[in-house]
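Shared between the two complexes below is subunit A, which has subunit B as its partner in the first and subunit C in the second.
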Partner chain A sequence: MPRQIMIDPVTRIEGHAKITLHLSDSGEVTDAQFHVTQFRGFEKFCQGRPLTEMPSLMARTCGICPVSHLIAASKACDALLAVRIPATAANLRRILNLAQIMQSHALSFFHLSSPDLLLGMDSDPVRRNIFGVATDRPELARDGIRIRQIGQMIIELLGGKRIHPAWTVPGGVSSPLTAEHRDTILAMLPEATAIAARTLRWFKRSLENFTEESTSFGNFPTYFLGLVGPGGELEHYDGNLRLCDAQGNLVEEQFPPERYQDLISEAVEPYSFMKFPYLKAQGYPEGIYRVGPLARLNIIDKCGTPGADQEWAEFRELHRGALLSSFHFHYARLIEMLYAAEKMTQLLKDPTILNTFVRARAKPNAEEGVGVAEAPRGTLIHHYKIDKDGQITWANLVIATGHNNLAMNRGVLQVAQRFVRGNAIEEGMLNRVEALIRCYDPCLSCATHAVGQMPLQIQLLDPKRNVIDQIGRDSNGEQTRSST
Partner chain B sequence: MSEAIAKVKVATVWLDGCSGCHMSFLDIDERLLLLAEKIDLVYSPLVDVKEFPHEVDLTIVEGAVATDEDIIKIRKIRRHTKLLLCLGDCAVTSNVPSMRNTYTVAEVFDRAYHENAQLNRQNPSTALPQLLDRVRPVHEVVKVDIFVPGCPPPADAIYAVLCAILEGKTPDIAALTRFGK
Partner chain C sequence: MKVIIIGYGNPLRGDDGVGWYVAGRLADIADEKSVQVLACHQLTPEMAATIAPASLVIFVDAECGQTPGLIRRSTVVPSVPIGAKGCRRPLGHIMSPEQILDIARDLFNATPSALLTTVCGQSFAHGEDLTPVVQRSCDQVILQIRQLIERLRSDQQIHDDGEREIYGYA
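Up next is the complex of A and B:
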């Protein structure tokens, strides 16, 4: 009998969403839709605000990666001022961004996904959370809390505040780094490096327990997009766009990010507040691509720090061409955590980091500005237009999680087809569908410039799209079902 | 599970905000593990429980009320919660989310789904909540017991407030945080 399932809410992810699965008469999953259910309207309500307010205002898009929005907004404003910011300011912003990548990746891996990896996809949902991990493997939970704390403390030491610092401004940063703060940060980084390295060792050992997941969790060919440095190295703050195909071939190289509209377009689907970016030349939906840690490690020629380069070489040996399974977002995230610790150390050991010339001042000099950076979840684009007084007249944001929308929808379908049996639904099946979403570490507060905890519902629909069955979990972690 | 002293049942929910207040809660760092000895996190974006429990001692709300579903959710939460705490400026005043109140829903949708889209331009509406004309602070919809302002409230303030509540004391919020902090 054809049916419908709902999971409501999707937990251990950042935002509001639900999932619908369409099933055939025989109970096979035929289609899946990932609905994002909140909308906020930043692109409209920033209209009329002075450009100097944009970094702090737009950072309120997201409390998990506010630094990415600060940086993309500040870069867009640098373009509106038509200034080249001091080299030290660029490196200070780069360190701030890396500190955030460290803390955000820690949140994703330890606080949100490690319960699946450590306690098991089918484990008791009441205990399947960071507190359950803290009971079973206290040293792993402590490592996760500590490395996130180090990332957040670096942000605080640089920007004065852990969440929504106002330090990054149009033209640079508002104050230089003191020697005292530099030394405090440098003293913490060896511990962060050690935590990242031992977590990688543990993760690689446990990969063999997840062979089914790693072959069916969003494992399909797509393009991969991200920023790279001038030598094709890993780059999160600046650089140009590189696009590779599923075989790892270069499609676009050193593509200027301010021309993003020549590369990607955005489609709307009626079932989600999150838009569907696609590659313009390849069309919709064939122009499906992924961004974020997995994409970045697929497109680069090297990381550029010794420990991360060694790990990256091993990572790339898993598969010829690009690594296609979204399960490996986790693996890539851990390598980037190691990279962030190493790269911050390199940048802070350069004495020019203490230069006091960290801000270029100018009046508005251009009508339009684009700022692009790599957020923890992928390429983030802020694009503003202003009037002659420097007030915003128009804005467009293309958010990291948005780029992955087509791939998340296709991934949900793949996992559901592999694990969900319409005739005998079990909690662990539903958790795997959620775990697929967790691989992408979606930040839906960003993505729809909206927010919320994600209610994930799985619905079984009959061929006429009537809801026949819904699945959720009650407060005791028991599976609930309502059939019609 | 049988324990000599029942732990305090705490829920955290996230309406229309940026998640920064939840992140600031996580910024209490290793004190999370101390807190876990005293409380049971019975519902939260951080745990896998899908329906709001029937009896919760303390619910911490981040974010403003922005959709029809938010109204249903916060009313249900209020019915099943002894103490309701608004965490952060969005829950307390509706803050940044309410900046859209100067425009109509049609205008904000027009920017996102028509002007800034190239294919299938339309307002998404299938299986999605309805946006309210005006984003509202939580206290306009249900009774709120404790207000903790800040954007976000600092982690130390959150921890001090929670400790005071767990000890049955009234927290001195003005000494710990302020609007926009």
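Up next is the complex of A and C:
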């Protein structure tokens, strides 16, 4: 009898979700769905708020990546004011964004994914977590803590607060950088650079242990989207959109981000609160694309810092054309950590970073504004409309994790078909399904604009979609099973 | 002795902002080195390094399911070492006070004393204000923490131990 497996909750990701696997009579996986089961609706409750509140309000979308929302919201408000912010303010925002990317990637890699990579996908789930890593490789765990701490300290030094800094405002930033804070940050960055570099060395040595995962973890052709600088270089704060196909060919080049609605549209499915963005020209669901670290490194011509450029060249040698396996999100994440540390150093060594003109002031000069930046997980779009009094009448957020929704669903199916045998379900099989999701480091708080922690469940359904078997974890992490 | 007070929660969800309220009103007792007051959305792994140099950590959080305004205090202790038992709780981006203490012990050989003070919330709806009953309890918590800090200071138990070198590895 055909059955369905449900993984609920998915662990070691941000937010609440579950996975459903549909099985044939013989136990083969025939379909898979990644459900996001939380709803929040920031787009609705920001209506009626003055635009000046939007950066700090939008930063509350998520406790994990508030800086990304702060920056995209500020850029959207810059557009509503129709101002070009001072160059120093743009670079200060750029540093803030890079610090966020560095610390966020550190959490994803060291805290959430390194247990799979260090201890093995099939290792005892009781130990397959950061505490197991701390026991087996304390220096790796300390590195993870330290580089994340450095990123958080930079955010705090710039923004005043780590979680919801209010320093970035429409028109620029609220205060200039002091020489003392610049020197403090510069003193920490060599250590961050060294940690990123040695983690990359360790990861590259470990790659040979994961050849099966790297060939079957979301390894399929898609388009790749992200911002690039004017010279095609890696760019997280500004620039234009570039879209490449699976062969690495340019499909769209220097596409103005404020015209994103000409490029992508959003579909909805009844089984998830997370929307399904797709490329309009290719249609739904053929217009599947990926964003985030892997996409960014697939679309660029160079990183723009010495260490990262060297690593990127090696990374691109893994495959001709775009690197398709989502397993390599981890690799790309580490290169971006190195880039972030190097790029922040470059920007802070420029004396103009201490300029005191950091804010352009204006009243609302446009009815509509779009702000786009690269968040740790990919391209983040904030789009607002205001009335004559500058109050928000409409908002649309296209979130990094949402862009990857189609790819995550297809990836879950691929991993499940490769590793799950419905007649003899083992924990390691389910962990691989979860691990595929972790490659994307989804932030479902952002994607649904909700807050939470993501546990995982697997459910078996018959052809009429009746649940006949369910495997999950309780609040203590104990596996639970209920059959009918 | 160094004391760190960490208030955490979501200040946009009504009484979930207990930790922020308490931390905000205790900010004046913080000094350069010996008393540190932090407010955060959630506990994250790098806080293990933050608390490692401390002798006492006071976590302040909201809880639910009890009488609104109920104040509860408990001692927080790290769990048994991973090698003996492991961790069964599902891990995400956020951590519990116990897990922060576990990491501080496992990675930094630090075992600060820790207290968790919770105030039971009444409403967790969207909004930045605490309900009156919860705010009254928070004011009580603030007073108690102030008195504790004053007592430790007058007994000269709080002082700057200096920064502990915890990253001295290659």
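Throughout what follows, the second predicted complex is superposed on the first by the 474 of 484 C-alpha atoms of A that agree within 3 Å, B and C clash if a C-alpha of one lies under 4 Å from a C-alpha of the other, contacts with A are read in each partner's own complex, and residues count from 1 in each chain.
The rule is short, and it goes like this: contacts are C-beta pairs under 8 Å (C-beta built on N, C-alpha and C of every residue); 3 or more make two chains touch, one makes a residue touch a chain.
What you are looking at is a predicted structure, and each value in this text was computed from that prediction instead of being measured.
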**Asked** When the two structures are laid over each other on subunit A, do subunit B and subunit C clash or fit?
**Response** clash
**Message:** For A:G144, using the defined touch cut-off, is the partner it touches subunit B, subunit C, both, or neither? Pick first, second, both or neither.
**Reply:** second
**Prompt:** Which of the two partners, first being subunit B and second being subunit C, lies in contact with A:G229: first, second, both, or neither?
**Reply:** neither
**Request:** Scan A:K18 for contacts with subunit B and subunit C and give back first, second, both or neither.
**Result:** first
**Message:** Which partner chains sit in contact with A:G371 here, subunit B, subunit C, both or neither? Use first/second/both/neither.
**Reply:** neither
**Request:** Using the superposition on chain A described above, determine whether A:N129 touches subunit B (first), subunit C (second), both, or neither.
**Result:** both
**Request:** Quick one: classify A:R60 as touching subunit B (first), subunit C (second), both or neither.
**Result:** both
**Message:** In this superposition, which partner touches a larger number of subunit A residues, subunit B or subunit C?
**Reply:** B
**Message:** One more residue to check, A:Q152. First (subunit B), second (subunit C), both or neither?
**Reply:** both
**Request:** Check the residue A:G239 against both partner chains and state whether it touches subunit B (first), subunit C (second), both, or neither.
**Result:** neither
**Request:** Please work out whether A:P257 is in contact with subunit B alone, subunit C alone, both, or neither, and reply first, second, both or neither.
**Result:** neither
**Fill in**
In subunit A, both subunit B and subunit C touch residues 9, 11-14, 45, 60, 63-64, 66, 107, 111-112, 126, 129-131, 134, 138, 141-142, 145-146, 148-149, 152, 162-164, 451, 453-455, 473, 475-477
**Prompt:** Given the complex with subunit A, which residues does subunit C contribute to the contact?
**Reply:** 10, 12, 39-42, 44-46, 48-50, 81-83, 85-94, 99, 102-103, 106-108, 126, 167, 169
**subunit C partner contacts - residues on subunit A that touch it in the complex** = 9, 11-14, 45, 60, 63-64, 66, 103, 107, 111-112, 124, 126-127, 129-132, 134-135, 138-139, 141-142, 144-146, 148-149, 152, 161-164, 191, 451, 453-455, 473, 475-478
**Asked** So in the complex, which bits of subunit B are touching subunit A?
**Response** 13-24, 26-27, 29-30, 32-33, 36, 41-54, 63, 66-67, 69, 96-97, 99-100, 102-103, 107-113, 115-122, 124-129, 131, 151-152, 155
**Complete:** Listed in rising order, subunit A residues that touch subunit B in their complex are 7-9, 11-14, 18, 20, 33, 35, 37-41, 43-45, 57, 60-64, 66, 107, 111-112, 115, 125-126, 128-131, 134, 138, 141-142, 145-146, 148-149, 152, 162-164, 265-273, 275, 278, 284, 394, 396, 431, 445, 449-455, 472-477, 480
